[in-house]
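These notes open a run of structures that come right after.
The same chain A turns up in both complexes below, where it pairs with chain B and then with chain C.
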Partner chain A sequence: MNKQSLLALSPQLLRILALVAVTGLILLFFATQIENYLNGRLFNRISSSVAVMALIATGQTLVILTRNIDLSVGSTVGFTAFAAGSLITLMPDLNPALLVAYAALLGAGFGLVNGLLVAYASVPSIIVTLATMALYRSLLVEFSNAKSITSESLPAWLVDFPNLPVISIGDLQVRAGFLVAVTIVFLAHLALTRLRPARRIFAVGSNPEAAAMAGIDSRRVVLVAFILSGMLAGLAGFMFLARFGNITVVAGLGFELKSIAASVVGGVSINGGSGSVIGAFLGTILVDLIDSSLVRWPIVSEFWREAVLGAMILIAVAVDTLFIRRLDRMRAARAHETALAQQGAKS
Partner chain B sequence: MKSRLYSWEGLLLVTFLIIFAFNTITQPQFLTVSNQINMFQLSIEKLIVVLVMAFIIINAEIDLSVGSMMGLSACAFGWSFQHGLDPALAIVLCLAIGAAGGALNGFFVAYMGLPSLVVTLATLIGFRGLARVMVEDRGITNFPDWFDAIGQQGFIGPVPFALVCFVIMFAVAWIVLEHSGFGRKTYVIGSNRHVADFAGIHVRRHKLIIFTLAGVVSAFAGLLYAARVGAVRGDVANGFELDIITIVLLGGASIFGGSGTLVGTGLAILIVLNLRNGMSLHNVTGHLQTGVIGILLIASVLGPRLQWPRRLGAARQR
Partner chain C sequence: MRNIGKITALAALLLSTAAIAHADTLTLEPGKEVNMVLLPKFLGILVFDQANEGAQEAHKELSNPGKLEFLGPTPENSVAGQIEIMTTATTQKQGAVMLSNNAGDQIAPAAKAAQDGGTKVVTWDSPIPSGEGESIFVAQVDFASIGVVMADMAHSILGGAGEMAVLSATPDASNQNAWIEAMKKALAADAKYKDIKLVDVVYGDDQAEVSYSRALALVDKYPNLGLIMSPTTVGIQAAAKAMQDEGLCDKIKVSGLGLPSEMVSYTLNGCAPEFALWDFRDLGYLTYYTAYGLASGQMKGEVGETFKAGRMGEYTIEADPGRANAKRILMGPFTVYNKSNVEAAAK
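Let's turn to the complex of A and B:
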């Protein structure tokens, strides 16, 4: 690809192409290393775990786009998973839709608390969510009363739901859980790129003063972003419950950092205003792919997993930043040349 | 005197005194030398890292990797000990690892211009990964007696070595932050990086130094942890970064940099310790304690803005 056509593409599209290329290369690499690697079961395994994390990463991306951060999502996932589990244990005949709504609303409630404190009380989001992360976790500990949810006490439809094959091609199954996650990511992407209210998230994140000048109520936008993040974490809690069945007080611990890592690898700028949920989704897949492949790679011990993951995040962000900076400089130079040429033509 | 009381530190002091008085009245075993020392001893490693985290946050950065660095250093010590390295040499090696890891953070933040939140999130995962590579899922124990003694026995009377270190380091940090050029530069860079640049301060070098120091201090704290517990595992100091950051923020440092004092940080340390200790004596579980500290953290930012006189709000904003 030459310089000119590279410049014509948007950075977002370039990022997504790069992510897809890197994912492909990693797949090829491990295919040469691990016997019987590229098969349907690999897809099934990764898609099942992406189904939970992709929802959280989507919510996290919405919040990061507004120049904030949500560290409480892990605790929200844990709490909603436990609460939904106890509800269905108490009322086994409950309508599934009501259970999903319960988890989502509970999560949205947690997000509302975060959002009100960040947007209307102007407390920095890192402080608010650092505190609510601890708070929601201790609520879970209190609520659980030292009990845990076990899959035996859950109705069969719930445990079967995430693994329900919707489309089967040989070994490869597109399961219901994954399909739900993909649908939500796709809807979020459509909204963020096509809908005016959702575009405000970018406006507030990239330049709050300009957004205010344009008559955007940035407080409300931030509040909504936090509510959505909480709601998606609540849905993820439901999926977590359905996938694992056994929920203890440590459910979802560390998910906040994983979701931030997935978003950042997916090219979402931590300074807000730039990034896409599709990128975050691909970031989630990439992180999970490396995570689960390293375990099966016979050459290195499985304990290298986290070390490699950390290095990869650092490299991804460094390369991305350097590349985008270079691209900006090339664009500026080209704009300058064009301007000079126009001046020359005039005089 | 009056203006002193209206400051953020004044409010912290009053809060601390109330908690202290409450603990003393309700729990007879609270105000004993052994309980007081025990109270510090149980989280002394975190407190040592709090001191350097104050510099980082005042400098308008954040370091999430400190807990993992503590773990990495402790595990590196265990690993070298297991491989027959002289323990004294192993300690030097661990501190060098701390310096290298901190410098890595500093390089990416200062010279590559990446956000510290992202860089240290990556190294939080990476350092922890290296720690796990070294000890895998084993536990390493049976360190030499003198090493365990450093962590477990009194150094001056009943006061353990780590607590003595903490007091000395607190004094040094106070002098450096509030009475030296280095400290002034830390504030200037934190409040406005560009002004600092124009004033001829080597902003990048300064940030690199601070991050490297954070790595060394965390590595040192990790070693103290290994000595106190007498064993290391892959998950040593997991999640400590959040407690550490919470204390610094409670002490009045702004997350946007440029403000915060070591006196405030010291008072926040006392508040958190006394609160946790008091709750433990009243049989409140650890998770609930963390929740209470979380509420306190939000209240510390929110409270001065909403209810108290405006001057207090201004004190926090400073």
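Let's turn to the complex of A and C:
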């Protein structure tokens, strides 16, 4: 691809292509290191595992786009997973759609609390969600009454659903859980790129003053972003319940940082206003791929794995930043040349 | 069990003929006012709640007019939270803290300060590795015998030969680490285990999703793996679910330490044919008797001292064979669960 055609692509698309390229390189690298690496099973592992995190990362991206952060998503996932599990244990014949709605509404309620405090009480989101992270987790500890949900008490449809093979090609299976996640990410992407109200999230994040001048109620936009983040965390809680079946009070612990890592690796700017949910989805896949491959890589011991994962994330982000900056410079230079040429033509 | 207790008492009696006073069984006088804190690793895990039930039972039985509080950190704050609760208990002049240690030796300074301030520190489930700041450890079972039991379960499941991997809790959980070491020793000590190969030890952080993906990573890493041994109730359950979800139970079995109520379906369908555990209610009960005896000044906490722990019978303080300069009370025994007895225990 030459310089010109590279510049013709949008920065978002380039970022996504770069992520795909990096993922490919990492796959190739581990393929040389680990026996029997590239096969259908690897796809099954990664795709099943990202189904939960992809939803959380999508919600996190919406919040980060508005220049905020949501640290409470992990606790929300844990609480909704447990609450949905309790409900279905008490009422095994409950309509599946109602159970999903219950989890989503519960999560949205948690998001609403965050959003009101951030948008209307003007408390910085990092403070609000740090507090609600602890609060929601403590609510879960209280609510659970030291009991845990076990997969024995769940109906078969729920436990079987995430691993249901929808498409099978040899070893490789595209499973229902993964398809649901992909669908939701895709819908969020369509909304963000096509719907005017959703575009406001970008406007508020990239320039709040300008957004206000344009008549956008930025508080409402922030509130909605938090509600959506909570709702997606609630859906992730449902998926978590379905996939793991056994829910204790540690469910979803640390997911807030993983979702932020996935978003940032996926090219979502932590300063708001720039990024895409597709990018965050690819970021989720990349982080999961590195994490699970490192476990199988004999050279890295248990104690170094986290450090290596951290370093790889740093490298990914640094390369991305350098690449985008260079591209910006090339673009600026081209704009300058065009302007000069136009001036030359005029005189 | 009673017999073992009697034999131990007899042994202690024979060993300490010089100090005959110690060999007399002490019956604790009820009704002394002692405030005590039961401090689990964190709140919201079934086994710790069972330990609390046992402690509450003993609290009533000894008609202690003081307060028994069940205080624990939230899961994401376990280490710092335990140290904080220990320190608070010291300033409150609590009579005793009963600790299931999750903080390794990091808690030793706080425990020492507690002892200096007159608060006894009785550990249960998981001791302070160095023994510093600890009055006595109430051991659920002999740590060396856990090693033998796990080696025996591996031997029977693998039919005497095959590859096994360990899925543990956190890398700094002192009880799990001690049990894994004990199992390694047991495997090396007897020629009948010579064809069992321990290929790896990985850590699932006592979280369902991490344990689940670590279990699958083990499967991918070791094509000839026959058994995953998980000495933690969270890990064994997650590993069994992962094997069942991926249809691997015919090839790879799961064993370790688990709760019958959480493992029953996996035992019946053959994914986890055998596992072991002790009674956490009894552990809480015995720990309470020990702490009450020490804090009310009726017991000195010296090696050779024998006392009567209510319904559970007589126990003797002995030197901890696993830790130099540390003392323990050995509860024992544990039950091995399989198809024949798991259903009855799960109720």
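Just so it is clear, the second predicted complex is superposed on the first by the 345 of 347 C-alpha atoms of A that agree within 3 Å, B and C clash if a C-alpha of one lies under 4 Å from a C-alpha of the other, contacts with A are read in each partner's own complex, and residues count from 1 in each chain.
Just so it is clear, a residue touches a chain if its C-beta (ideal position, glycine included) is under 8 Å from a C-beta of that chain, and two chains touch if they have at least 3 such contacts.
Bear in mind that the values here come from a model prediction, so they are computed numbers and not experimental data.
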- prompt: In the superposed arrangement, which partner chain does A:L314 touch: chain B (first), chain C (second), both, or neither?
  reply: first
Message: After the superposition on A, what does A:I69 contact: first (chain B), second (chain C), both or neither?
response: first
- prompt: Between chain B (first) and chain C (second), which does A:R45 come into contact with in this model arrangement: first, second, both, or neither?
  reply: second
Task: May I ask you to decide whether A:F303 touches chain B, chain C, both, or neither, giving the answer as first, second, both or neither?
output: both
- prompt: Can A:A134 be said to touch chain B (first), chain C (second), both, or neither?
  reply: both
- prompt: Once the shared chain is lined up, is A:N246 touching chain B (first), chain C (second), both, or neither of them?
  reply: second
Message: Let me test your reading of the model: by the given contact rule, A:I126 touches which partner, first (chain B), second (chain C), both or neither?
response: first
- prompt: Between chain B (first) and chain C (second), which, if any, makes contact with A:D171: first, second, both or neither?
  reply: neither
Message: Quick one: is A:S148 in contact with chain B, with chain C, with both, or with neither? Answer first, second, both or neither.
response: second
- prompt: Both chain B and chain C touch chain A; at which residues?
  reply: 134, 137-138, 141, 249, 303
- prompt: In their shared complex, at which residues does chain A touch chain C?
  reply: 34, 36, 41-42, 44-45, 49, 52, 134, 137-138, 140-141, 144-148, 150-152, 163, 240, 243-251, 253-254, 292, 295-296, 298, 302-303
Query: Any idea which chain C residues touch chain A in the complex?
result: 42-46, 48-49, 52, 74-76, 171, 201-203, 206-209, 212-214, 216-217, 220-221, 223, 234, 237-238, 241, 245-246, 261-262, 264-265
Message: Per the contact definition, I'd like the list of chain B residues that touch chain A in the complex.
response: 62, 108, 112-115, 117-119, 121-130, 132-133, 136-137, 234, 242, 245-246, 249, 255-256, 285, 287-295, 297-298, 301-302, 305-306
Field: Of all residues in chain A, those that touch chain B in their complex
entry: 69, 117, 121-124, 126-128, 130-135, 137-139, 141-142, 249, 257, 260-261, 264, 270-271, 301, 303-311, 313-314, 317-318, 321-322
